[in-house]
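One structure coming up, written as structure tokens, with questions to follow.
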Amino acid sequence: MSTLHVINKANALPACLSVAGAHDALLLIEDGVYAGTTARSPQRPLYALAADVDARGLNERLGPSVTVISDAEFVQLAVDHQPIVSWR
Amino acid sequence: MIYGLARMIFGIAVHGAPYGSQASASALRFAEAAVAAGHSLHRVFFYHDGVNTANGLMVPPQDDPSPQQGWVTLAERHGIELAVCIAAALKRGLVNEEERNRYGLNAASLHPAFSIVGLGQLIDAIGSSDRFVTFAA
Amino acid sequence: MEIRRILYMLRQPPYATGHAVEALESILVAGVFDQQVSVLFRDDGVWQLLKGQNGGALGVRTIGNVAQALPEYEVKDIYVCAESLAQRGLVVDDLVLTAKVLSQREQLTLISAQHAVVND
Amino acid sequence: MIYGLARMIFGIAVHGAPYGSQASASALRFAEAAVAAGHSLHRVFFYHDGVNTANGLMVPPQDDPSPQQGWVTLAERHGIELAVCIAAALKRGLVNEEERNRYGLNAASLHPAFSIVGLGQLIDAIGSSDRFVTFAA
Amino acid sequence: MEIRRILYMLRQPPYATGHAVEALESILVAGVFDQQVSVLFRDDGVWQLLKGQNGGALGVRTIGNVAQALPEYEVKDIYVCAESLAQRGLVVDDLVLTAKVLSQREQLTLISAQHAVVND
Amino acid sequence: MSTLHVINKANALPACLSVAGAHDALLLIEDGVYAGTTARSPQRPLYALAADVDARGLNERLGPSVTVISDAEFVQLAVDHQPIVSWR
């Protein structure tokens, strides 16, 4: 089973990417969502948590590789992956 | 909302304090969504600065609530244990009546919905769950 | 108590901690106390000023609205770092209030003129 | 140790919690060194998570002490005010007897050597000092 | 309770917060509980292993000494990130214990084999 | 009078350097002292606080531009400079 990486600080994304597998899921939460803005988001697919994106006013500012998901979808990602790794 | 057929047992750790980090609030929303999707959650383990979630003397501003009340409500409805690590709690001034008496303190500060446990309960939470999620500081 | 030049330098993003809103509350009080208060938003602090925030998504206050109140509290000298905006793909029209954009050299001059600098 | 002739009044702000940051411990060493060098310090202002320094119910491990006792000793010897911001304290569960009664809480948690003040006292600390140092989280 | 493969991934430096020593204490307990525990030090977490630390300078425990106790508590699988060492100018002889140095690819393999990953 | 910059996280040094004057003093404290290690320390003169350097075991690892000072010398730097700016 592949890994779910949960990134809650934008600066932690590079460390996560250095050990993330091609089929792992990467989810940006809290201040991690700034790593999904067009000015800095990487090419690879990323998820970003809706509540954190909305609060920060970033809905129109995310890169094309970023998919916004709900809390319920976060739970489903956690069901579909193991282990779940936090990066701060 | 139910996405898949799998019903899982989740374990959750909370490492950041309310107002010092989003960890407790993010973990609460995750826990609520997990329960709403039909999954179960036996224990939430509060560690590091996360133990501050259990401070029973907080007076949160109306427009800037603490996640504490949400945890208490969720725990009561679904029989979830809100477990606070004793070592992390004592040094940060989170004590129940028993610890208050043991150390001769003036008062207890822990909210009664939270229980004080040892670090072994973190291992137990991991060993008893299908998925374990840390909400970092 | 003497009148001092006090600069609040705000470098942290909103929401992840309570520090951003607490720092803004502190500035609103300073404005009322007749100090020569100025505010510099830089690094991730510029995100506090972004239009379109909605704290309600997290059940908390919208930081942009708190920041917007600064001029009403007699805090008129509001600055933002040019490079911090550019690095984040932001322009002044993206901000909830009118702030003077400063180069790094102008920030150096601003800082060195202060009695005290407070950060969040 | 006295380096220069200037005798200054320092103001200090502490923004981080014991065990969550070094802010309180670093500020304490600075304050002790300033007083030892003949400078004075009227007020230390605890803000943000720094208010946790004033929790009167802490049981610190012997080999991992809290800076709290150092602050209390320094303040008593040199007449320094240990000022805790009321807004930051209330939402983090740091309350004195007066606030306890006002909000109908079960107990007070603030160490008696610390006083609860408004944000105006931060401005006053800046306006009354020659040098102001923030110890960040 | 089942026996699980648990990885502690330690990425924070010692001393500035209590999290580093608390995470190590947590690992010592896990070792006693007969779980399949491994520990990966990477990013600033490698500083926890540096020889020559002296917590006494700050009046606190020396984190290197706490880390050194891991093997005594049945925690034998101790890993350190090669790139994190190199970026900091460190070599394995600079560390207080014997750790297996892992490439990024090997860390990926290690992580994907776990039931749970705990961070500090 | 020139400014004293107090840096308590290594990652905050670049932001500080971008607005520091040539005659300003820069002091590394807490985890800021890692910015003074040979692998990353900049050319310009920096101070580092002894207690934090000692605790972390960095005495032999600081770059040549770094001067280690005592708490008392930190106080004297604060006397000799205004304002004092914290970077985290």
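Lettered A, B, C, D, E and F in written order, each chain numbered from 1.
The rule is short, and it goes like this: contacts are C-beta pairs under 8 Å (C-beta built on N, C-alpha and C of every residue); 3 or more make two chains touch, one makes a residue touch a chain.
Predicted model only: the values in this text are computed from it and were never measured.
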**Report entry** Fewest touching-chain hops separating chain B from chain C
**Finding:** 1
Query raised in the report: Which contact partners do chain C and chain F have in common?
Result: D
**Report entry** Furthest chain, CA centroid comparison against chain C
**Finding:** E
Query - Chain of greatest Cα-centre distance to chain D - result: A
**Report entry** Same vs different contact residues, chain B with chain D, by half of numbers used
**Finding:** same
Query raised in the report: CA centre of chain A versus CA centre of chain F: separation in Å?
Result: 34
**Report entry** Where chain B and chain F are represented by their mean Cα positions, the distance between them in whole Å
**Finding:** 38
Report summary line: Rounded to the nearest Å, the gap between Cα centres of chain B and chain D is 28
Report summary line: chain C and chain D have mean C-alpha positions lying a whole-number Å distance apart equal to 25
**Report entry** Sequence positions of chain E contacting 2 or more other chains
**Finding:** 15-18, 58, 60, 115-117, 119
Query raised in the report: Residue numbers in chain A touching 2 or more other chains?
Result: 8, 30, 51-52, 82-84, 86-88
Query raised in the report: Which residues of chain D are in contact with two or more other chains?
Result: 18-22, 48-49, 64, 87-88, 91, 131-132, 134, 136-137
Query - Chain pairs in mutual contact under the definition given at the outset - result: A-B, A-C, A-E, B-C, B-D, B-E, C-D, C-F, D-E, D-F, E-F
Query raised in the report: Tell me, which parts of chain C touch chain F in their complex?
Result: 7, 9, 11, 42-43, 83, 104, 107-108, 111-112, 114-117, 119
Report summary line: Seen from chain B, its contact residues with chain E in the complex are 11, 13, 15, 47-49, 87-88, 91, 118-120, 122-124, 126-129, 132, 134, 136-137
Requested in this report: Would you pull the chain B residues touching chain A in the complex into a rising list?
Outcome: 1, 3-4, 6, 8, 10, 21-23, 26, 29-30, 32-34, 36-37, 39, 130-137
Query raised in the report: Which bits of chain F are touching chain C when the two form their complex?
Result: 1-3, 15, 18-21, 24, 82-88
Report summary line: The residues of chain F that touch chain E in their complex are 8-9, 30-31, 34, 37-39, 50-52, 54-61
